[in-house]
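Order as written gives the chain letters A, B, C, D, E and F; numbering starts at 1 within each chain.
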Amino acid sequence: MRRDGRGPGELREVRIVRDFLKYPGGSALIEMGDTRVICSATVVDEAPPFLKGTGRGWLTGEYAMLPAATAVRSPRESLRGRVGGRTHEIQRLIGRSLRAVTDLGGFGERTIHIDCDVIQADGGTRTAAITGAFVALVDLLRREGRGGDVFPVADYVSAVSVGVVDGEILLDLDYAEDSRAEVDMNVVMTGGGRFVEVQGTAERSPFAAPVLQAMLAAAAEGIGRLTGLQREILGDLR
Amino acid sequence: MRRDGRGPGELREVRIVRDFLKYPGGSALIEMGDTRVICSATVVDEAPPFLKGTGRGWLTGEYAMLPAATAVRSPRESLRGRVGGRTHEIQRLIGRSLRAVTDLGGFGERTIHIDCDVIQADGGTRTAAITGAFVALVDLLRREGRGGDVFPVADYVSAVSVGVVDGEILLDLDYAEDSRAEVDMNVVMTGGGRFVEVQGTAERSPFAAPVLQAMLAAAAEGIGRLTGLQREILGDLR
Amino acid sequence: MRRDGRGPGELREVRIVRDFLKYPGGSALIEMGDTRVICSATVVDEAPPFLKGTGRGWLTGEYAMLPAATAVRSPRESLRGRVGGRTHEIQRLIGRSLRAVTDLGGFGERTIHIDCDVIQADGGTRTAAITGAFVALVDLLRREGRGGDVFPVADYVSAVSVGVVDGEILLDLDYAEDSRAEVDMNVVMTGGGRFVEVQGTAERSPFAAPVLQAMLAAAAEGIGRLTGLQREILGDLR
Amino acid sequence: MRRDGRGPGELREVRIVRDFLKYPGGSALIEMGDTRVICSATVVDEAPPFLKGTGRGWLTGEYAMLPAATAVRSPRESLRGRVGGRTHEIQRLIGRSLRAVTDLGGFGERTIHIDCDVIQADGGTRTAAITGAFVALVDLLRREGRGGDVFPVADYVSAVSVGVVDGEILLDLDYAEDSRAEVDMNVVMTGGGRFVEVQGTAERSPFAAPVLQAMLAAAAEGIGRLTGLQREILGDLR
Amino acid sequence: MRRDGRGPGELREVRIVRDFLKYPGGSALIEMGDTRVICSATVVDEAPPFLKGTGRGWLTGEYAMLPAATAVRSPRESLRGRVGGRTHEIQRLIGRSLRAVTDLGGFGERTIHIDCDVIQADGGTRTAAITGAFVALVDLLRREGRGGDVFPVADYVSAVSVGVVDGEILLDLDYAEDSRAEVDMNVVMTGGGRFVEVQGTAERSPFAAPVLQAMLAAAAEGIGRLTGLQREILGDLR
Amino acid sequence: MRRDGRGPGELREVRIVRDFLKYPGGSALIEMGDTRVICSATVVDEAPPFLKGTGRGWLTGEYAMLPAATAVRSPRESLRGRVGGRTHEIQRLIGRSLRAVTDLGGFGERTIHIDCDVIQADGGTRTAAITGAFVALVDLLRREGRGGDVFPVADYVSAVSVGVVDGEILLDLDYAEDSRAEVDMNVVMTGGGRFVEVQGTAERSPFAAPVLQAMLAAAAEGIGRLTGLQREILGDLR
């Protein structure tokens, strides 16, 4: 049994507060255990240069942590004047994950900004960010309302971490588990069970193929439950 | 009457959630109407160079807004690689305001970081930040517990804005009022009614001395009510 | 009596050299005691984005100190790659102070740059900068000459510091006084005696309302004399 | 058949020039088709703060492209003043991949810098960098020679890309293939066939589990051949 | 005799590999002894603002060293976020040297980027860069082909260093010589023997006029041989 | 005859105001015609890392222009967050020029900062900076007073520009001449007539050897007169 009483394949308690903020078109507070992330989706009337003339829109993700979100205070990236490598990596992951299910072909040359700000970090902030941001995105797109068009989001997307800790495969690692994990994997999947991203890393020693398979299976289980929660909140995608 | 039904000398509804975060020594979520700020206080084991060898501690403030905190999304300062002038100004104000009532002479060469992160901005974010940060600071200092010593905070500190809108003096401006204000003033005062900071600015046209006096009086009223709330939450300062 | 023989309500010797520089439209060297600031006003043919299409002009202030202007050499902000918080604060103050008496409605979408470069710093550099910059601004606007139009500057503007040192209220603090001041206030006023900015800070301990009133009165006296000097140099505003 | 005549599961021609540079302890030029990367390994006498007092060493990777390495010239990151997200991501991948097989426990508090500079980029630069850097690393560690100790590198490490292009699984994508890929995966594995990193991304549309399995199998084949080449060059790891 | 057996007025072995890279319009690897520089020339469809409306093109140089190019690893300027003074100086020198013989009057408002990346640094990197870049530039301009026009390059340009070491005048210093040089001079000359740049620096003690004359003579000799090599590779300039 | 009535080999009127500033150990305002530069010399108690343990001091130069120093306002480098290439180049030149005559072997591990701030720029700012900075340096070193030691400055140093304008060799170019110059050269020489720096650049077309010789002769003449002025102000170097 895990420190918080969960079984190996169990998610932490998940809670999503829809429309957590007043101004953005879509927003959500997602909590997975003690991890809390504010996600929002806003439209800005400009698109990256490579879309000039295509009429297509873009979606981009940003991610940050409050300095006091972690056990040891982390300095503000705005004061250091640079965004660190970890932040960059997560921002790119968030953007790719949501773009994989979204068709912004008819959106006009505009950009959807997905902002994920971690209020409290107890492991799994990037995966929580993706799961929560999906809710904000769908709400935004519904409010932007595009008449008779097909709804531009093809499927649910959520994400979960899975790892090997003391030789055992655990789903949805908290910070203490993550720090001791031998293998760490983040999986982003659709409601239909297809992969969007698979990122597995041997933190301590390389892992064999069967371990990889078992982790993928555990992740798929978790994704199924997160999809269920998203569907409960959002209903069908239209 | 004001758009939200308040009288000219009335504060918006104020709500302070103590210990809003899990990790920092002290924290609070403060809401004044739709303005919401997460404040936290953390100790770090290093002090600025000019305190080397004095045994004294330091207190410093940082302030930021989530991109989606405002009606129009504001770009992240970490991505621009620079902290803007407005942010700098507010950070310095927060630091000075709390230092004015705090004696860190026996604190050791450590730094208290006050982080104020605006989740939602509807005017008066810097004054809300000061009022909320005071709660986080007192909680931190109590937990750092310094035995038989005198408690290092001498008095309550809170802050409020006051302005002239359409010729009328209004307390605690929301964003819509602030945008139209002819004069804008931020006042930081102690529980005992002494001034810590007075910053008044003619946004449109210079103002006469009696206007200044009337604004100061209105601010003092508001401060009295904020002190009351702080006292309710924190009890006596010891 | 003060170290330099002045009474408490007396300004240091003030000297303004008009047209100190060859190239800018307006310029002045202002000396208040040992504080020396070069102020200049230049027009650039572009305005900030928020004025696009309004036909209005803008005025912005910049402030810097030579490294050798202070008793201890201060590193160059250009080499640190960032403008510090104090500089930002002063730049914003200079801009607001001059904009408060200037109507750039008919100026076209152009920007007036006010540059204040401190050659020698012995306290009160920001207030000297405002007083000197006003002279540069008026000269620039006269040379830009706008025929039968109303002259765009409505009133004189100058600034002075006032503080409490060893319990006594002193006008126009030099650096040694400023370092020991319990309260420090900068006041920007018009020739007509209206307030443009009031910024008072308790450096050591909060101050009571009567102290604030006495400081404001002392400042108003000083402003009167600075206005007199500006009028002597510039004549009537037209 | 692919544009360059390869079969779907075939690597491009690989060529590794050992000791390509004069100064670093280890270096290699690796060419995979038209992709050319200079890899080097150097020791610097300082380690990151978190290793202070442990006697352990660290290994870190850096990655850059010459501006003229790509079909369209890419601006220099040194002039933009920032390292982009893609670079950050690759640097972290290189570091993790080599650390996974290296035990720097007895290395002393020093840092091995792995520099991977892409001279010419025709797809697969990050995987070529890892494969080539491994050669530079082993040469460096041999020259640093640690007497009777166990050789600190436990196994060979190499990397390869695999993707889905027009529905077909292709190994070792060149740039043209990579641009059209529906799924893109980078796999880092040991000589013993264990995973170090698996990073799969749905570039266009999410992919099903059997596709993932087939890609992993193709990658393992490629890794086998790269390990063979490394072994040929380096001999046994000791 | 010098450490490597050369006479005082002898160049190191020079080798130029034309078209070293696949993508840029012109490129060359130049080796002078152990100094190795990759030079490339690429056209980009934009010109600096001051050429707007002139129809003229621009040429600009960039210079960098791989971290492992030097005996002691040098940190990457992209990570430091700034280009150092030495780099700036060399970049400007490269640009000026090539512009001095090139007439981009009919080139259109485009920019030729000359990239010089030092793979290995054993003294004389900036002069090698100029000599090699000239080859890349000519190849680029020939491929950009401008029909019946006069070829836009008027003369060959190359560069060489010369210095005083232990009182003796030496041509083409390697790093060991350069470190001990009392005087260090870089000379850029045309095939016709005219000066483009002369930069002489007293590293230790000022030098007399006859020393200057003797250095200029030695440099001219070296330039003659480099011109010969360029002519051999490129043929006549047309 | 030149626009301002000078002969080709004549300097502009030179004026040096010694001890122009109150705080630094040495300072001077130098004016050459309309070019005006404030130079100062200050000691700071730290030296660059490469002098650790040597007991030697260092000297470094910094250079900047006020935004309003030029006919067209130039943006502040502190706001751009970077020092440009031209500034870097000049800073390095100032430092090298003064170090060439100064022996800081017995100075202790301290740094002399030479700050050259251009108040007004009408050509020749870098050469004026060197000539003026020399005065500030000598005054600083005298005040730092090192008992019976040999005075650490071996000879006077000054600098002057020379160029070819409309085919004629002119000494000490003003801005208008400099803009039209075909060849531009800066020469730094000692009082004893030895070269410290020679930097000649073909701005338009390469120049022949006799032109170089004639420019060097003209420069030597100018240096002679500047040395005379420095000697008049400073007396013998001791």
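The rule we apply is simple: a contact is a pair of C-beta atoms (placed from the backbone, for glycine too) under 8 Å apart; a residue touches a chain by one contact, two chains touch by 3 or more.
Fair warning: this is a prediction, and the values are worked out from it, not measured in the lab.
Chemist: Give the chains in contact with both subunit A and subunit B, ordered by label.
Modeler: Neighbours common to subunit A and subunit B are absent.
Chemist: Within the chain touch network, how many edges lie on the shortest path between subunit A and subunit C?
Modeler: Minimal hop count between subunit A and subunit C: 2.
Chemist: Quick check: how many Å separate the C-alpha centres of subunit A and subunit D?
Modeler: The answer is 27 Å.
Chemist: Express in whole angstrom the distance between the two chain centres, defined as the mean CA positions of subunit B and subunit F.
Modeler: 50
Chemist: Which residues belonging to subunit A are in contact with no fewer than two other chains?
Modeler: Residues 81-82 of subunit A each touch two or more of the other chains.
Chemist: Which of line, ring, star, complete and other names the graph you get from chains that touch?
Modeler: Basically the chains close up into a ring.
Chemist: In which sequence are the chains arranged about the ring, given a start at subunit B and a first step to subunit C?
Modeler: Order around the closed ring, subunit B first, subunit C second: B, C, F, E, D, A.
Chemist: Which of the residues in subunit A end up touching subunit D in this complex?
Modeler: Going through subunit A, the ones touching subunit D are 82, 84-86, 88-89, 91-92, 96, 100-101, 155, 185, 189-190, 192-202, 204-209, 212, 216.
Chemist: In the complex formed with subunit B, which residues of subunit A make contact?
Modeler: 21-24, 27, 34, 38, 40, 42, 44, 62, 64, 66-71, 73, 76-83, 87, 113, 115, 117, 119-120, 122
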